[in-house]
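Encoded as structure tokens, here's the structure I'll be asking about.
So that you can tell them apart, the chains are marked A, B, C, D and E in the order they are listed, and the count of residues begins at 1 in each.
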């Protein structure tokens, strides 16, 4: 079973997710499936909304009788769906929903993306440790992802000796950021930390640069989309993306995926797509290793996974709460492309919460 | 009954309460409100907080109704001052104000919403039955109101408040009562929703929700309780029946909405009997 | 300087809003319908501008194309959707309008992709001009200039010309206006054509500003423009401009100073409600146009 | 100028007037009379083009205009003083008059306006007032003035004296007589039967939608039965 | 004169410089029948609006049954026994004729929404409404939608609604306009009948013949001021009244 926001505000990521899911299923089936059985993909649209997700989860569990579910959707939908899967004993992986509650729903629930707070902490660490900058303006978006990441960042900023001059926030519908640009200009920071999706990040970065702001910009994971560079144009040069997706890495699986995705979608894959693909991959791997399709056993095998190569990173493993333990890639935009800049390995910074 | 059916029926019941209560405000009393989602949300948040604090179902439901109607009264008072054709937009404003406020309130979970709302203790089907009972009661209440002298006076106020005043009908108090009653029911619906999802997030109570509710009222036939209840059921189930078309769902939905209103501008009610004239300007 | 910057960015917001809302005002003034699908016409304008500009290599041609497409679309909406519903309560066409918005918005998503579109070349968003220490990009300057021109022209048109008076007479009583040779049908077509063309221009300009158009671009228009036309006194062109600038500036300062308590939309609507409490008739009173 | 032949009109299935026939030549006044609900307003509005015609024809200058829209009829030279005034409430007095003369080029607008103001000085005093806030009688003056701005060849007047003080009724009747002299054709609906009969050339009397009398005003004045049964004139009042 | 049911003290209101009503005072006793006449734009309708509370005066007081109601709402005044008809008719167009009157007849049930909520029965009101409709000559039209009535009948509906309120004082603004001579005579007889049953009447009319016939006292307003007040025939003999109001028709009415 698979649910994703195919319509509504989050439709962009939903579409990428869906294509990635289809590629994953095709690949797995082409390799003969698992234990002699082929995968069947049942997809529903949850509009990234909680009440819709309740329907779709119930439908997947009740009507379609799925045993394994993956969400290619945002937190609100994942949070509403997780308890339902938990109760029904369905192994559930949230590919990129960042809210802590998803995994708290119970032991059947997994997450394949780093939680918001560690992402923010990683950003603070990166700014202080790698860039060696001390004075930051922070711009965050109004949704649970933005808020969670911001909290992580602010919590660690002081520890790392970063002074946050000012915080600004905007809503997902905003495309014009005049007041924020004016504010940042006044702050005159050494560095800017911003969260946002490509559709807000693109205009934001472009307007900051057009407004004459020269300080380096560190962006959150969701900056990661070719569309971001397209919108911001030359202004995107030099923007760092924390927990990015190192898409030019030499890796046959990744190359295959990138090519296939480009063919089906007409644009290159983003991190979101890679995460969804890996969700399927890791689930199938756990099934194989279990040698059975019994959800309880697969769940336990999955929980014990170690050092699994995902498309974006190598997964170290899951912690007690089934949160990922893995290093974070930092990309930088160079000549209109995301290229690998460095990798954060510091386990303490990246440690997910245990409860 | 599968879990899916139960969850669907629960939402149907909640939407019936919402649409019928909006119809009391907009249909009976003529006060167009595009902010019903705010009262729904206020009820949900109030109930969620009370439920977490007390784990007492009746108390939480009452809290939802109370908060819904208090907010409704405030908006009602405000609405008395604005010209009637400004009201629709003012209520949109109420909705955005509500969501904008909640988004920044840590004690309401801000962007994160409130999760781990305790279960009602009735189980999913018990919950659903409770919701349906409340929905039935709401419909009955609405039918009764319309048949009573209050409904009669509502119609007069809706059509011409000044002329109503010359018949000793005090438009102000009627409008306030309509708001208080309609929003109390919306608050109740919110409380039921909180128990249904056990997780609430402000996105569920946004402007689009309000618009959908107004669509139910118009499609049902403004002022017709039964029509509006049917429309609420149909408009909730319809998108489900074509869930399989996935990304074309909204497209088809929008198309059907346009088509239906073009073919039956008087709403479902007008298809059954000749209430067309009542809908004329 | 900071405060001046904020004021300027507020004024640019205000002009953006004014362009988005003015077509809506015209339609509301004429038919008393909350023409929410105006947002879709606006989005159409934005898409056409970008796509045609990219295909032809000239932004100007993009705008011309939008100026052709949007009036056609607006007139079609009037003829096919609203005209048959004119005798019903205004909520009926409003809901139909919302249905159309959903339909068109999703149509754009399916036709043009959920990724949205971007200008291949958009020098206006990149090149900046410094005036007395204030940095504006060319797109912003274009927005300011176009707004001034459009509003001046409309103001003169509605108050100083006979057609303008006829326009308002049609609003007041179409049957009787017809009895004096005012062709209500033509006036309405004209109204929709002009209102939609303005939406088209607004869409193109905002595409330039953002350098990006996605299916939800009209979303903001669909509700915030409503607040603006109400503040402006519903149907008043002058009021719309005043209200837009006012909201723009309030939002600009608001995002900085109370942004952590209320988001931008909530700030705008709070201002709306407070003002309506103080001045129930909006900024310019009940007079149309 | 105007010929109405076998006209039947109404609202959807509701028939308001049946088989009405009359002619109004240039330089003449036809009084269209009858009790409440007789169908006078409906007939006038059908001539203007605002009420559905079920059967029959309306001819203007010999040309069949039954299928023409109201706008086109207005441009041919028909003007209306509608029942219940129906002035443009949110336009000023001046702007109402502008619309009155809308079918014609603006160049003679001033003269015409002066003439209207000469007839109704009150309108001149209140040029800038919103028409909707005027008193009932003032609105009636405006409705008449607005129609005069059109310099019509055919004037349709529904309830001339409605809400006017006696002095103003006299002024308006004099004005109609003068317009007739200038060659205008006038259809007059008027509840003050005596005054209407006194100035009319032809009379058409409707009752419950049917024509019960059609003929000269002279004949009508002599027809006792008609006067008492349909026109509400009692002996006492005629004396 | 017995204790006044309605007393006006120095009422005044102006609109942007135009003094529509200017220092008007008079009192109407119980059971009286007052005529109020005056040129177009004299301020008659404005005065009625001030009495009924649709407008609030700039200065002066309105007393209803001995109580100062200057700042009370229209609904309150109606509850105290005032009723009025509109010069420009305002029926509830989407309701039937009968319902229009039933609603007025049930005004005691609808004064307060909560009381209204507890009541359903309309039998008595319907009976009363039917008899009032017969009284004003609208029998047979009760099932029609008010919006489809011709003007003459709407005028009657206005009166029917006012009567259904069971009022002590009725303010009638041009109830005869749009009626022909005999209809007007019938109507005025009906109003006189209502007056005979003890209801106080204030009648605004341009149909002088009927006003003079029916009213016991006549007040003349011009430019917002009272210029004549007394027994109808005496007032009509006043030179300034005739000049302001009658113009060339003076002779016609002087004979009356």
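Just so we're on the same page, a residue touches a chain if its C-beta (ideal position, glycine included) is under 8 Å from a C-beta of that chain, and two chains touch if they have at least 3 such contacts.
Every value quoted in this text rests on a predicted model; they were computed, and no experiment measured them.
In the absence of chain A, grouping the other chains by touching gives one piece. The minimum number of touch steps linking chain A to chain C comes to 1.
For chain E, the chain whose average C-alpha position is most distant is A.
On a Cα centroid basis, the chain most remote from chain B in this structure is D. Highest inter-chain contact count (C-beta pairs) belongs to B-C.
Mean C-alpha position of chain C lies 48 Å from that of chain E. Remark: chain B and chain E have CA centroids separated by 43 Å (rounded to whole angstrom). Rounded to whole angstrom units, the spacing between the C-alpha centres of chain B and chain C is 30. Separating the CA-averaged centres of chain A and chain E is a span of 74 Å. Shown for chain B are the residues that touch two or more other chains, namely 103, 247, 250, 280.
If you check each pair of chains against the touch rule, the ones that pass are A-B, A-C, B-C, B-E, C-D, D-E.
Those residues of chain B whose C-beta lies close enough to touch chain A in the complex are 2-8, 11, 103, 110-113, 115-116, 193, 196-201, 203-204, 240, 243, 246-247, 249-250.
Residue ranges of chain C in contact with chain D, taken from their complex: 162, 165-166, 168-169, 171-173, 175-184, 286-288.
By the touch criterion stated above, chain E contacts chain B in their complex at residues 52-54, 73-76, 78-79, 83-84, 86, 90-95, 99, 102-104, 106-107, 109-120, 122, 145, 161, 165.
Listed in rising order, the residues of chain E touching chain D in the complex are 15, 38-42, 44-46, 87-88, 148-153, 174, 177-185, 206, 208-209, 245-249, 253. Residues of chain D that touch chain E in their complex: 11, 14, 33, 35-37, 41, 83-85, 122, 133-138, 140-141, 159, 161-171, 191-194, 228, 231-234, 237.
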